[in-house]
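One structure is given here, and the rest of the page talks about it.
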Amino acid sequence: MHDKSAHAARHRVPPTGFIRKYIFSTDHKVIGEQYYGLALAAVFIGMVLSWIMRIHLAWPAAAIPGMQLLSKNGAPGGVLTPEYYLQLMTMHGTIMVFFVLTTAPLAGFGNYFLPIQVGAEDMPFPRLNMLSFWVTFGAFLVAIAAFFVPQGPPLSGWTAYAPLSALGEVAGPGQGTGQVLWAVSIAIFCVGQLLGTLNFISATLDMRCQGMGLMRLPLTVWAWFITACISLTAFAVLMPACILLVLDHVAGTSFFVPSNLVVNDQLQPHAGGSTLLWQHLFWFFGHPEVYIAIVPAMGIVSHVLITNMRRPLLSHKAIIYSMVAIAFLSYMVYGHHMFVSGMNPYSSIAFSLPTLAITIPSTIMVLIWIGSLYGSKLRINTASLFALGFISMFVSGGITGFFLAQPSLDIMLHATYFVVGHFHLVMAVAALFGIFAGTYFWFPKVTGRMMNETLGKVHFWFTFVGAYCIFMPFHYLGMAGNVRRYQAFVDDFMAPLMPVHKFITIAALITGAAQLIFLYNLIHSRFWGELAPQNPWEGTSLEWSIPSPPPFDNFAGKLPVVYHDPYQYDIEGATNDYVMQDSPASINSVRGEK
Amino acid sequence: MGKVFAATLIVIALASAMPIILHTWEPPADISTHGRLIDEQMSETMAEAGVAFLAAQLILAWLVWRFSNRPKNEKIQHFPGGARGLVAAAVLVVGIEVMALGIFGAKAWAAIYFTPPSANALPIQAQAGQFAFYFRYPGADGKFGPIHPEMVNEGNLNFFGLDTTHDADSKDDIVTAELAVPVNREIHLLMHSKDVGHSFFIRELRIQQDFVPGLDLAVHFTATKPGKYEILCTQLCGLGHYNMKAYLKVMSQSDFDNWLKQKAALQ
Amino acid sequence: MVLTNRQDDRGAPYGGNPGKYLLVYFGILVLAGLQFAIAYQQVNVTAALFRMFALAILEAGLMVVFFMRLGAENRPFVTWIAIVTLLVLTIMQSSWPDSYRMERDAPPNDRSPGYRTGPSQ
Amino acid sequence: MSQSDLTMGTHLSVPERSSPFAMPSKKLAMWLFLIADAATFATCLVAYGFLRNGSLNWPTPFKFFPTVVNTMVMTFILVTSSLTMALGVRAAKMGDQDAAYRWTMLTAAGGSIFVLLHVHEWMDLIDEGVRLSRNPWGNALFGASFFTITGLHLIHVMAGIVVLIVVGLRCRGGRCDAGDVEITGLYWHFVNLVWMFVVPLVYLLNVSK
């Protein structure tokens, strides 16, 4: 075997030029920041899109200032046309799901902290890593380009159900070039994620420093590793599906288009395909994607909570096994998106039961988090507040899964705002809370400066209360039968629900605006924040054992040696109440973990 | 700050539960024979989910209230029973409860989808297209004439592509833009999509089923209360999706016969 | 630049008689030949498919175990890769029930002779 | 918390760095890529099977000569190239760089013949009027799925040939990294393995009897 001195003697030279250092950098930390920056740009675009949609829903005739600049046809005089509403909705979903919820928690934080936390100087394949980001960035540009083609972006939603998405221009504005760009963008995105995944899995297994056994990995690393295992195959299925969709457009094939369709009194030249096939392939990716977004957040939240509770979780292993169980189940349940979409009704039952079974690992995790709070010495700061907020959101959003997992209830709730409320809470808001918790927690390490706590807490309160004000009422709307993906609710039973929509819109505007506090805090603290010590939160994992910000190859040419499990808090006799993972001090107190 | 979090969480949890407890926003009353099972399942699930929701949020609030920012000299305590008890609770209480809910709840689904329509059910064909529903009654011969997609022409009001000159079965087919059904009579609704995916959603009937292009699916239901109800499209079908709706009219058998005669006269 | 973990390959050592490879090679050829024979058996498509598919799995197994030397890798790796791959490939089959309905539930006019022959002539 | 951690006095146990899978990262990454690629091919094959199974008039146009014979030859060449590849990896692992070079190049040559035969077959089909969107025999999806699946496979083979040549040349220059030859071999075997499924599903189920 190679000893650590041999391993550390590699002396990688840090790049000097601006381009090699900050643009085409192979340094995992720069790539992590690039991913985070991409997600930040994307989340603000996605948020503005949601603002526009919310304003339009609450006041359908209102002119939104500046909209006509974005699209002259789509928003004449600033008032959205029905098709432009759907086009913005499609792009909101696409940008948020792919370029925010997939990139930030996994690729952003994971790239930055996974190598550090396992005690490595970089990812095993730095060039692939760089390529992964730039491929993803290219996918983002292609997706954004859809805004600027003549007919605008596609209007078929982020799920792109065929044959609406496969028929081309005849099916609606944006279904031609815009839809092709969408499919191409997603196919490219899949390639980028695959490259990232290779690094994540091999780094976790192979790059661990001496002493870093698998069970000594922090929960964040476990979460990223498990997520990478999910995305390894999920994206590999979506990519060919998108390619087949592109072929239906440009090569005249009919994979997803059945025979004898008549659009605008014209018989379509396609024949023989199946629209359900697209749904199967899409959701085979689509459901694991939900866990790709949420599992990293679970890891980050556990990590942040433990550090701030000053004690390890009741069970380290229960959390890991629960995440593994969720990863397994994520593949077996995808059909619950298709209960009423014409899938074989017997399949519905087969998909319903594993979906309900996901309750079990999810409940285990929530109970472990809550049970660990008992008797802890919880420190309240912005990061821990967001972590607590995550638990609350995850419970609220997860519980509505009881309903949607049952085909018979799905008859009433499918395609209503209930679904919108459910997945926004459990996937979007909860994952975002994980991202926020991670940002406030790790910002000092990344930049060497502290974020402003007061602004952070203001941001938290607006976001926490705001998110509930926005997404809880969605459930009530859905129970009353309010259908989603409608650009206006005219002369029907949904009209009386308009006050709720107006309330949601106002809440969304305020909550969205509060994110500017976060943005200001992020930028201001980056340059003028208080200088951060090496270990401001008194954490134990390896990222706190190196200077803030970390040097080029993380451990300055000498890889650490790990002597302890990740979360050695509440240690008697330690100078503080904790012992770092790489501290050679021995621990005599015996604490059992079941 | 921890106490503020706890207080806020309690307020949010109670406020969130209030509209459910007060039944502020409810689906309209059920007018179908099969809907009772769905409604019962819904209330059972709501009761379970509500208890779980409130319990989790309130316990979280209490723990944060009690254990945040404790003085330095206080000791960390341990949750009695440790992780094992919690895992057992999650599996045995929550897990089994939810699984049981799902397994027994499947009977509502089975009642709708695993049972064929009765032999005397009235067949009606529904066709969805961008962005309107049309309905077809087989007429006196009880047979639907074949659809010729190439003959679909909305300008000529030939929504289904019927060839009334050649197909004998098509001659007496009655095409309407609204769905009229006799009360307390089982309807066998044959669903056909003309172009892209659509959906057929009537809240009062507790029916939602997608129109799948290339597949002629069917649902069956019995409406028990006369009245006029909205039929919505719930599957994104294009720019006019929000405006794609039709009406279900449930009427007495004699009204229905008259209505059908009237419509037939217009063909 | 690749930062490998510098693990030694602890798989079975190379060397010795390449005869095993030849054996596997002929095995695969025979199985492939059988596939071709089955193609001309007078059986229905489903039966032919299952027979050929079983042979293909055998061939793939030989390929993976001997040529790709999965048999020489350590137990955890074999277990992990088998679970992940088989899980994904198995769950992917859950779309089949809908495939059977494509024909059965097709609109009646689509079931006429010559249906789905492509662009309407 | 592991038990060993708790009771230690002066001596702390530090396990050695090790990968649970005991293989170099590059090889692991190749295996991971192959899992993903397997899912990609499986998606295409499932899509094809789904549509074929659900279609009434799926054409079975392939005649014994030339198509099936050609497929036999292609299969034979591909399986043989797997053998040469395996021998090449063995040679590289045993330090015989010249032999590794020869075997790799032989493999690349086999792959090239495969590509030539395949392209020739494609041209014949195109001459007969088979396109992605239509074909003379029936269901339009026949051409679409045939060209998509074999095309995806063909792209893999062509990429493999390029990599084989690059790796082979490096061997000749004495800069042979046995690990690189090995992972190229993994890829090559995998591509051939996929062919084992493509042949029965895409060709042999569609022969005219």
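We call the chains A, B, C and D, going by the order they appear; numbering starts again at 1 in every chain.
Quick note on the criterion: contacts are C-beta pairs under 8 Å (C-beta built on N, C-alpha and C of every residue); 3 or more make two chains touch, one makes a residue touch a chain.
Predicted, not measured: the structure shown is a model, and the values here were computed from it.
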Chain separated most widely from subunit C, comparing mean CA positions: B
Pair with more cross-chain C-beta pairs in contact, given B-C and A-C: A-C
Centre-of-Cα separation between subunit C and subunit B, whole angstrom: 41
Intercentroid distance (Cα basis), subunit C paired with subunit A, Å: 34
Centroid distance [mean C-alpha coordinates] between subunit B and subunit A, Å: 30
Inter-centroid spacing, subunit D versus subunit B (mean Cα positions, whole Å): 46
Residues within subunit B bordering two or more other chains: 149-150, 214-215, 217
Sequence positions of subunit A contacting 2 or more other chains: 1-2, 7, 124-125, 206-207, 232-233, 237, 258-260, 267, 269, 271-274, 276-277, 280-281, 284, 342, 346, 592-593
Multi-partner residues of subunit C (at least 2 other chains): 2-7, 84, 88, 92, 95, 98-99, 101-102, 106-107, 109-110, 115-120
Contacting residues of subunit D [partner subunit C, same complex]: 17-27, 31, 35, 38-39, 42-43, 46, 49-51, 53-57, 68, 71-72, 75-76, 79-80, 82-83, 85-87, 89-90, 93-94, 133-135, 138-140, 179, 185-186, 189-190, 192-193, 196-197, 199-201, 203-205, 207, 209
Of all residues in subunit C, those that touch subunit D in their complex: 2-7, 9-11, 14-15, 18, 21-22, 25, 28-29, 32, 35-36, 38-40, 42, 45, 48-49, 52-53, 55-56, 59-60, 63-64, 66-68, 73-74, 76-77, 80-81, 84-85, 88-89, 92-93, 95-96, 98-103, 111, 114-119
Subunit C residues within the subunit A interface of the complex: 1-8, 84, 87-88, 91-92, 94-95, 97-99, 101-102, 106-107, 109-110, 115-120
Touching residues on subunit D, where the partner in the complex is subunit A: 1-2, 5-10, 12, 14-21, 24-26, 28-29, 32-33, 35-40, 42-44, 47, 50-51, 54-55, 131-134, 139-141, 144-145, 148, 152
Footprint of subunit D on subunit A - complex, ascending: 1-2, 4, 7, 124-125, 128, 194, 197-199, 201-202, 205-215, 232-233, 235-237, 239-241, 243-244, 247, 251-255, 269-274, 277, 280-281, 284, 312, 316, 561-565, 584, 586-593
